[in-house]
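First chain written, first letter: the chains are A, B and C, and each begins at residue 1.
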Amino acid sequence: MSSSANEAAARASAVSEMGQTIPTDAEVGHPEGVRWGMVVDLDRCTGCQACVVACQAENNIALNEEQRVLERRAKTWIRIERYWEGEFPNAKARFIPVLCQHCGNAPCETVCPVWATYHNNEGLNVQVYNRCIGTRFCANGCPYSVRYFNFWNPEWPEPMNNQLNPDVTVRTKGIIEKCTFCVQRINRVQVTAKTEGREIGSSEIQPACAQSCPTSALIFADLNNPDSYPAQLAEAEAGRSYTLLEHFGTDPGVIYLKKVDPHAEIHEDDHAPAEAHA
Amino acid sequence: MSGIGRRRFLVGSAALAGGATVVACAAPERESQVQSFVLQPELSLPGQELWFATTCAHSDCGNSVVVRTIDGRAKKVEGNPAFPVNQGKLNVRSQAGVQSLYHPDRLTVPRRRRGLRGANEFEDLEWPAGLDLLTEKIAEARSVVVITGPISGTRARIARDFATAFGGEHLVYETLESTVWRKTVQDGLGARRLPYLDIANAHSILSFGADFLSTWLSPTQYGVGYGEFRQGHGERGRLIQVEPRMSLTGANADSWVYVHPGQEGALALSIAQVIAAEGLAPSDNWFDVVSEVGGLDALNAYAPDRVSERTGVPVERIQEIAREFASHQPGFAIAGGPALASTNGLDNGLAAMLLNHMVGSVGQPGGLLPNPDLRSTVTPPTEPTPFADLAGRGNTWLEDEAPDVAIVFEADPVYGMPEATRFADALGTIPFVVGIGTIMSETLGHSDLVLPSTHPFEEWGDFVPDPAPRQHVVGLQQPVVRPTTSGRSFGDILLTLWHDLRPDLAPPWETMRDAVQANAAEVFRGGEFEERWVELLKNGGGWNDDWAPEFRSAPNWHINLLAEPAFSDNGIEFPLHLIPFEGVALGGGDETANPWLQATPDPISTATWTTWVEMNPTTAAALNVSRGDIVRIETAHGQFEAGVYISPAAAPGVLGVPVGQGHAFGGRWREGRGSNVLASLSPLTVAGSGGLAWAATRARVRPTGDYRQLPTIEVLPNARNDVEEVVVQITNE
Amino acid sequence: MQEPVVADTKTSNRELLDFVFAWPAWFFAVGGALNGLLVAAFVVVILMLMFGLQFLGYSHPVYWGFLIVNFVFWIGVSHAGIMVSAILRLTQAEWRRPVTRAAEVLTIFSLLTAVQFPLIHSGRPWRTMYWTFPYDWNRGAWPNPRSPLVWDPSAIFTYLTSTILFVYVALLPDLALARDRAPNPVSRAIYGVLAMGFRGTTRQWRIQTVAGLLLSAIILPIFVSVHSIVSWDFAVTSVPGWHNTIFAPYFVIGAVHSGVSAVVTVMIVMRFAFGLKRFIKRDHIDSLARLLIVVATVWLFFFLLDFFFGLYGTEPAEVDTWQRRLVEPPWVVIAITFIICAYIIPVPMWMFRGIRRNFFWMFVTTILVNVGMWLERYMVVVPALERKSGLTFTYGDYAPSLSEFILVAASFALVILGFLTFSKLLPIMPAADIKEGQILADRIRVGRANVPAAMRE
């Protein structure tokens, strides 16, 4: 795949789907077919940032120079949000990896005028860079603020460009980019499996972030496949699993498993303050 | 989950039929070179990916990686799924290997000093000229000193023997070195090699300042264990972190306990006392253990009510810790970071070790397990030269005589040694200093001759993970791409010199590749070697379960030996404690040239690209400074500036400052940003080990009146989990 | 109650067409200054096209700001014209006559200005220009009918087309007039073509009048739809503080508020700039001011509804947005300023006849209204994005950059310049309409009150 794989995949399915009908919210998520998703175990995550750099490396994300950080235009498709609870000496830091939730009912998709972001038939919220005209409407619509706009053309001083991943498009100025669930990796495995005439192994596909994560806090697979580890994990840990900003009704494809704190007093209502310290 | 599909990466390794082809099949000479389908270099089809197993380029934590290459260019680093240390996983720094490989500011040709030392005025040389110059200097030299970072395997062996052969010695410099922990292990466990921490099977970990999830020793290995520790087995492990400044590990602890700097030992003994008094230990042999190190009376002097004030930990809290730790066995205690970096660090470590002996976690599953001794044929990992010795050398060089030539590789003592030691001056007394590296550093900047070295992804080598994963492991390093500069590997340079100057004493091998292959042949005997060799390269090394020695039954130490910590200067003029720390991305500072790592947010402050100081709100209020204000931090031995980050986790009276910034050399992304806290540290040492007591420096803060927005990825100060909505939902299971 | 315009046909013709053929010095001064601003804006836009939107104050996650606010503002202003003249035409309000033309022209130019903004605001304008049109360019996908950004262009361009038609039809007789009065053959030729051979035959008059009325009737629903759709750019998203059912009527009435005020401002300027004392009279301003009192009050009602809906929902994020809008600095300042400017000062003042009939005070108050209404849009759009969801870690702040200020200033320049140019080329006062009014007026004085009205159109 010398041209961008996600590009190609998105195009292909876009055309076939848009050709006939617009997918309705009912179709979205495709209960019968594949739905790629991720289980994030907050009790394993240490906030070590390995996933963040892994994603930068895999997906040709522009360098976040200091000026970019100061301008708040740094791009991190997955970011570790750190929330404080309490004060010294009982202060607690809570870490949570936030990436595109690949919502089954994505607020970003309905508002895109040109189908640059839409739901593909494997449950991915796809971003077609070639189509995006940079209205940033989707970024407003996304309650998780995981869409990042390209305010300039990215630059990699020679010979740094040697590192760029040929499977991933380098995004030009004026368009939105975000986590793709490493669709280029999904495609590679799918193509290989197809040419070898076999099923895809349950954990054969590994997004860069999940691959790197030392504590295995990120687990990626087909949520619709009851045999997949995440599906079973979400099942087994039903007590701990929740989705982010549930009340938005976005039907996320990312399932979080609650952080365990034996010394915390628990507030069930997630809108109530959780002043929870030993 | 076997990391990147095992299949794919075997394809890559299959390319290795005889390592030579690997080099042959690697990158085109120059970017512009054109290939067509009909005329292809072997094995490099456009778009065809190849995976090569080799060493991690950035972290000393003994990771092995597989590098994805396409068209002969390295694209992505991933954990080597076969390797027992990191088991397919990686940390931030390992990920950045490809970026340092293609760093635009890499040294490309040899350079000779023009101006004054450190003036950064150099002229380019051809390799032959550079080598002739060096050969000639060494030929005249009476003694040659070789200074490197922590290295192991064949490379270490060559460095050591080379130094000896030329009447010198091999010094190993490590920022915030592991000396004290090594000594603690020797005295506390009687072990020659660092133990294996069975985190995965532990039900509790009591860590005195050891930031094992971030930078301590082998974070990836420990991270893998930690995942299992939390959710891998029936009973969820309890993590108790005791430290004066909240580290990343502390931020993940179930119980984070603030303790006054240097008082970790007293607290450990107090916990031991509670365990003894309340009979919490699972078995009775705790009594013998305690008797061997001074007996109950000595221990009772540390009853919670006696040490509560001294340690700053309330009595009940001490009892809680003891109960939580003892009631969740198997579990173990470790010490690191500030705990070992106080003048009484070794005592702190041994006090912690006593807890392991009392709860019987020594040598037991879920506790500390012994690592096998290295086979005679393997060179043990070089242990860092203790700070005291290094500083001592410096004085000798200054006061009476210095060696004639110094060869420095992958070590930056000029940056890392406290200014008070005048190490830069000491190095200055050496007539001819040769710096070898991939990119400029302070030390290379102070050299007379700078030789570009190959990047770890461009050279041959082997390494011995330390601490080992309970197995006898030798990792292999092979070129994954053709060298992108004229650089030569450190080993090859030494071998060349050696063969030119002292053929008689020179080792049999001409190149590192021969050396590595020869040593591998010695270590991994049996079978037809060519096959074996390819197999080894495929897997990224070889490992076997070897017999491991028993641990000692009790630390060889006496409770009454526990000393009060000493601090630089008085507490009136310098009321605050300065606690430097290694960030998860920048570590000791070698990584600061790398934009990915510079831009990686510190997990606690989410700050990037700069030097900040973590301050408690009350401390900040007293100084009348707020987030982003630039303050000058003064110690008895220096001063530096940093931006204020107000942290609800920071203790009053404690300043947390990240190590790594403040370089004058090292390329566009490293030079002239932030400041170097290490330079201002007081040269205090840890009694009994000679390690640098880097947490024993007192400081005061002066607002400068300047303000500079902190480059944090968190936009508004201190997002809280309890406003708006509980984002990170919590359960107490 | 209206005092009719008294002037014989000759004088009115002269005075009405005077400016078209005259070249006062101030025209060049003002024109030059405005063009200066446009050039500056042009440079900014070129830079944005070449180097991306990095010059704007936008950042993650606040991706919309001044430019969108300005878009909404000008769409709003554009509503005045048509609304005024269409409604007044349909209701045959006598006093409308001098007002209509100015109002319609204002509409056209503010619309043309408004549409620039979503364009230059997008990341790749060269594609935005045509990709949002309902046509399957070679992308294999029609535009997404679920997106308001596809509704917008349709609505706006329909509005623009019908408005231009509307004005043109009304303009025909005056074009003919200009043709007949034109000093040199060239301009005579041009006006001739434009006048499409309007010679004032009864049949032509009838067609022209009927067309005018029909267009008035057609345009009203369009203009309601346009600002409703603009409001849906916000209302259909899930952004707390945006997704409110009240938005459509709230935006429409707000548009009328700022629009009608703008018309008043413009008329007062024209009165003095073009020396139209005899045609723009206190009565006109007075009547518009009365209209404004009603509009403003309804608008305020909707604003409060929006606020209460937010509170009664007790959706934390929603409440948080309102708190940010009304309580937290710097927004509290903006909130107070806008409500004072848009209602608290003007409306009570308009209660007094003296002020309604005072050009100076009406000028000041109507300007205030539009200052207030601009800030209102700013307050609706930005704070919601700054505090979007419960993920407080990603809360952001917005600070406009110099570029944004230049672009906004230039948008005003563009409208004024367009207005001037128009008034230079064509009679800005509907001469024919006014004269018709005079003639009718004469009749009225002869016959019994109101009766002749029955004989009209």
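One rule holds for everything that comes next: a contact is a pair of C-beta atoms (placed from the backbone, for glycine too) under 8 Å apart; a residue touches a chain by one contact, two chains touch by 3 or more.
Since the structure is predicted, the reported quantities are computational estimates derived from the model, not experimental observations.
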| item | value |
| --- | --- |
| Chain-level touch network, classified as line, ring, star, complete or other | complete |
| Chain nearest the global centroid, as defined over all protein CA atoms shown | A |
| CA centroid of chain B to CA centroid of chain C, Å | 66 |
| Computed distance of Cα centres, chain C from chain A, in Å | 43 |
| Geometric centre distance via CA averages, chain B-chain A, whole Å | 32 |
| Where chain B touches two or more other chains, by residue | 714-715, 719-720, 723-725, 727 |
| Multi-partner residues of chain A (each touching 2 or more other chains) | 72, 74, 81-83, 244-245, 271 |
| Shared-contact residues (touching 2 or more other chains) in chain C | 316, 390-394, 396 |
| Contact set on chain A toward chain B in their complex | 1-2, 41-44, 46-50, 52-54, 56-58, 63-66, 69-70, 72, 74, 76, 79-89, 91-96, 157-166, 189, 201, 203-204, 206, 208, 211-217, 239-240, 242, 244-245, 256, 258-267, 270-276, 278 |
| Chain C residues within the chain A interface of the complex | 51-54, 58-61, 63-64, 118, 121-124, 127-128, 131-132, 139-150, 233, 236-239, 316, 385, 388-394, 396 |
| Chain A residues touching chain C - in the complex, by the definition given at the top | 11, 14-15, 18-19, 22, 71-74, 81-83, 98, 107, 110-115, 118, 131-137, 139-141, 143-145, 148-153, 173-176, 244-245, 248, 250, 271 |
| In the complex, chain B residues that touch chain A | 1-5, 27, 31, 46-47, 70-71, 73-79, 86, 88-92, 95-96, 98-99, 101-104, 213-214, 219-220, 223-224, 226-227, 230-231, 236, 238, 246, 248-249, 251-252, 254-258, 484, 584-585, 595-601, 603-604, 606, 608-610, 616-617, 647-652, 673, 709, 711-715, 718-733 |
| Complex contact set, residues of chain B against chain C | 714-716, 719-720, 723-725, 727 |
